[in-house]
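What follows is a group of structures, each given as structure tokens.
Each of the next two complexes has chain A plus one other chain: chain B in the first, chain C in the second.
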Partner chain A sequence: MLAILPQLIYTGLGIGAIYALCSLGFVLLIRAANVVNFAQGQFSMLGAYIMLVLLVGVGVPYWAAFLLAVILMAGFGVVFAGAVYWPLRHRSQLAVIISTIGASILLPNVVLATYGPSPATVPGLFANPGFMVGPIFVDTQYLSVMVITVAMVVLQYVIFEKTLLGKKLQATSQDKEMASMLGISVAAMVLITFAYSAILGALAGVLVAPILFVSVGMGGTLALKAFAANIIGGYGNIPGAILGGLIIGLAETLGAAYISTPYKDAFGFLILLLVLLVRPRGLFGELIAEKA
Partner chain B sequence: MRASPARPVLLQAALWWRGLPATALALIGACILAAIAPDQNYYLNVVMQAVTYAIGVAGLVVVLGYCGQISLTQAGFFGMGAYVLAILTVHQGVPFFLAALAAMAICGLFGLLLGFASLRLGGHYLAMVTISFQVILTLVLTNWIGLTGGPDGVSGIPRPALLAGTHLYLGFCLVMLVLTVFYTWRLKTGRLGRAMQAVRDNELAAGTCGINIFRTKVISFGISAVLGGLGGALFAGAFSYVSPDQFTFDESIVMLTMALLGGVQSPFGAVLGTFTLIILPEWLRFLKQAYLAVYGAAVILIMIFMPEGVWGWASVRFGRMPGTPGEGAVAPLPLFAVQQSEDAAPVLQVTDLAMHFGGVKALDGVSFTVRRGAAHALIGPNGSGKTTFLNVISGLYRATSGSVRLGNATLDGLAAHERTRLGMTRTYQNIRVFRGMSVLENVMIGAERPGNDARTAPEVMARALAALDFVGLRAEAMQPVGALPYGHQRYVEIARALAGSPDLLLLDEPAAGLNSTEKQELSQLLCRLKGHGLTILVIEHDMKLIEAVADHITVLNFGKCIADDTPRAVLSHPDVIAAYLGEPQAA
Partner chain C sequence: MSLLAIEGLHARYNAGEVLHGLDITVEEGEIVALLGANGAGKTTTLRAISGLLSHVSGKIDFAGETMLGKGPGAIVRAGIAHVPEGRRVFPGLTVRENILLGASNRPTLKRAAREQEMEAMLEHFPDLRRMQNALGWTLSGGQQQMLALARGLMATPKLLLLDEPSLGLAPLIVQQVFRIIAEIRKRGTTVLLVEQNAHMALSVADRGYVLETGRILVSGKPDALWNDPKVRAAYLGGVEA
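Coming up: the complex of A and B.
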């Protein structure tokens, strides 16, 4: 059993990277727009389905389908913001949360009604499935996931901390009124955030598509892991979200192999409950506190 | 001065009786309805499902509607209740009623546990933890075959021997629904329900009104879990069969939609929403494929266009405004008459208080004393640390070092609600009233301060009315607080703080945002309070108000005390003049 441990760790980190990517988009919306988006996982589901339709239905080349899916999802992020968030922007956070919960039910069921319930498969990014490094079979898809996740983390860090746009986004998040008085277009900032967050979600979707099946339920599952990752790492904390994602990926891969396969999905949540009981503000601490 | 004792007794009777006659009628109606229900299994099944679901959805009214916490696992508790009843009655031979009580107890226990884990922080944590719970529960129901029967579920669940007939059992369920609605409705207008709504509307202010926020949230979630368990147990008895696919996350969403559609603020809304969504799909069969998509869209549309739900919408438009309860004289606010003097006993003693935010020393060793009966003003230029000071004193921020005593008690390390219990109430610069409630309810929450001498419901009501009398808003008592102009909302906040009969009243820039007439009125109000001998610590910028009211002034600048004396001495103090007007230029 121990012989497969390195392989399990590799796989766990690969899955964890997917959760991290999904979690990243989730954190971004919290930080920049103060929106807890329960439909975050549906961005991944829709991204994967768009790619599937382009690839199989329309016959677009693989990389074009990959990129088009991500770009189309950026546009969808804007539409989503306009329909689900914008009418409620002056209301309580509770109203917005419930509205995104509504969207998280609406979207998969629309896909279900139009595309049917049967899951589909999508080929991987590279024709070569992988290669051996010592005892580990390095799956190219998992490797791509990890590389792209790292790239997106770096990109997000640079945007938020090093660019004017990032400063504007942060300012909008902290105090919309003040930001608008300083000449920042709050509407534009919010739309950019939703678009970027949808891109991150879609990337997670199209990357995970070859690993899992493309299914109507995949968004809900991904979203749950992303939320849990976010809480484990510390609410609204970017490094925490990444770490949380990796922890959940590892926990369920190892748990499924060594403890129980049917309860695979439960391990991440058990860690979540444990973190909440022992260290409720997450491993890295919560960023946002209410002002008196 | 005492009001005639007859009034509170009448008030008490009115409070005790409210809803009881209607409930008795509804119980009779429920029995008649069950007796005359047509003898068709299909029809009876639909009604039975609606009745048991409605009990579960009423739980959502408590946790989401009253307390503002999102639970996404009502079907989880519903299913847990159903399974506990099924397993105990079928496998263990436990009598039905005992098993139903066990179902409610176990659900309540899980509710408290999950709430304890997740409610210390914001509302979204509960939402996520409840989804996780739902997922794990479904896994357990499907995979722990030895206990739950796995995907096949449990069948042959008995009903109580006396209520085995379908009509009798339906009558029993209807009676339980009526009792649930009555309990939930009474809860809303009681002390606990008001505390929940205060937490929902403004957590910070709820804490400084003496409400234990965490405990209130956990209890509300516990109640919702118990009601979920009750509904589920009755459901299991009704259909004699349970399986995991009946209690999935989708079903929790259906219950959420029911509550939102009907109106999450009222158990009547829950019943309305549940019956609508259970009976409607029977007519809209063509939707079967896409019904969840429609529910999802409905949730968004309801939030945008009808956030209060059908019942809430209708009761705003067609409901009548309830009359002011206990009209007529009430005992005025208790007098605090204490002659102010420089050697009166200290009420608030602050020693070396410091509050650092990273490298910023917002408070840097502040010490001063507020004496009983004083109208003590804390002034200082912008950014001098005044509001930080108030937030530290009232327990919203935790001091870096130093100590604070209120009377004989030390406040260090205490949470906001514990400090309030010891006799301190406050107002906020940017008004924090409970917007979902009436003016009277806002002030009643103030009167319900733990440690206040008004304890029973009629005493609380009388005290709240007296506080409203004092600020001149008695006539608006039943108005929703949001309908009042800004200046009046400030008075509501002051009345809320007064109704708690505090030893020390903290006012955070009470004149902010008021026009000059309103400022004058406020000044008179504060002078009247002072005349009553109430100890006041007021932060203010408006020097006219300070001069009219204060008999002692402390000046903060850059987090330090630069003066602490009588108004005359302070206002001519060179450091104070320098802080406000700048250093004199060297000639």
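Coming up: the complex of A and C.
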């Protein structure tokens, strides 16, 4: 049993990286726009379907379909912001939440109506499925997921910490009105955040597509995991969202292998309950409390 | 022509009207004090000028151009910077970053020039220089006020709106703040100063207005205001010079 542990950890981190990407987009919107986006998982679902249609339906080459799906989803993020968030931006947070819940119901049903219910598969990023490194079969798709997740985290760090745009985004997330009084375009900052958040969601979708089936329901599942990751890590905390995603991925994979496969999805939430019992504010929650 | 000319300014929140027709002028180079008790409408007046309120009517002209109906971004680009009540320092950004963002109204400013201006600003605020890499939320009230002033000045405004810069500060720090305000004017920036601390405000101001429940009760030179029995009764009553 222990012999497969390294393999399980590898797989768990790979799945966890997907949750982390999705969770990262979720947290960004909380921080920059105070939007709890219940449709975050639908960004992944739509991204995966766009890729599927481009690849299988239109016949676009693989990498082009991958990139195009992500770029189109960035645009969709802006449209989403305009339709779901912007009209309600001066209303209570609850109004916006309900609006995103509405979108999370509408979007899968639009796909259902246009594409139909049958799940589909998409091939992996690389033709070579993987190679052995010691005891571990390094699946290239999981490897791609991890590399892209790390790249996105680094990119995000650079943007937020090293550029003036990043400072403006942070300022907007901390005090929108004050940011506007300094001449920062809050609307532009919010739209950029939505676009970026949709990119993260779409990346999670197109990366998970070869691993799981592309299905209408995949967005809901991913959103739940991303939300749980965010709570485990500490509500609204960026490193926490990443760590939370990885923890859930590991818990699921290890739980499925060692305890029970049918209950795979339950292990992540079990961890969530445990974390809430021991650290109600999540792993990095205290930091937020201090800052506030 | 006055730098700022306000006529018949009305403003209301959903709960009702709180400014009932104000006339205020500010000449270039002046420090004008806007005084009044809690709830008189001082903050509302400044927020109306800055384009932060949605239900405003009347005339707000700045340097001959109307500001009414413009958004806060356009107004700060026109040259009015607002250092708001409560300082509103960005808590998760460092002192340097807070100051840098003060120049956001000048998008064409090159990076090097921006950094240089920030360094120059830090020269004026030795306290901030010492704390330059500290996050906003770790600063004391006095330091936050200095930071808010520095950030406001980074806009290189023609008119600076200051909302209760002395609130909650120790007397020594209050004096420091007012010294800075006097210095700001000496460097050519016009100031509209909202204060509860009438004594300090009138000591630096050229003229003042006293607001009472959304109306101008009286206006004039500091001496005249200080000795006006109406003002004393309505507002300065308990305060001894």
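The rule is simple: the second predicted complex is superposed on the first by the 285 of 292 C-alpha atoms of A that agree within 3 Å, B and C clash if a C-alpha of one lies under 4 Å from a C-alpha of the other, contacts with A are read in each partner's own complex, and residues count from 1 in each chain.
We take it that a contact is a pair of C-beta atoms (placed from the backbone, for glycine too) under 8 Å apart; a residue touches a chain by one contact, two chains touch by 3 or more.
Fair warning: this is a prediction, and the values are worked out from it, not measured in the lab.
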item: Joint occupancy of chain A by chain B and chain C, clash or fit; value: clash
item: Partner chain(s) touched by A:Q141 [first = chain B, second = chain C, both, neither]; value: neither
item: Contacts of A:A83 with chain B and chain C, given as first, second, both or neither; value: first
item: Chain B versus chain C as contact partner of A:S44, first or second or both or neither; value: neither
item: Partner chain(s) touched by A:S180 [first = chain B, second = chain C, both, neither]; value: second
item: Partner, of chain C and chain B, that touches more residues belonging to chain A; value: B
item: First, second, both or neither for A:Q170, with chain B first and chain C second; value: second
item: A:P280 touches, of chain B and chain C: first, second, both or neither?; value: first
item: From 75-83, 291-299, 507-515 or 561-569, the chain B stretch with C-alpha clashes against chain C; value: 507-515
item: Residues on chain C engaged by chain A in the complex (per definition of touch); value: 50, 52, 71-73, 76-77, 82, 84, 88, 90-93, 97, 100-102, 104-107, 111, 137, 151, 155
item: Footprint of chain A on chain B - complex, ascending; value: 68, 70, 72, 117-118, 120-125, 127-129, 131-133, 135-136, 139, 142-143, 203-204, 249-250, 253, 256, 260, 289-290, 292-293, 295-300, 303-304, 307, 387, 391, 396-397, 428
item: Footprint of chain C on chain A - complex, ascending; value: 164, 167-168, 170-171, 174-175, 177-185, 291
item: Chain B-touching residues of chain A, taken from the complex the two chains share; value: 36, 38, 83-84, 87-88, 91-95, 97-99, 101-107, 109-110, 112-113, 220, 224, 227-228, 231, 235, 262-263, 265-266, 269-270, 272-273, 276-277, 280-281, 286, 290, 292
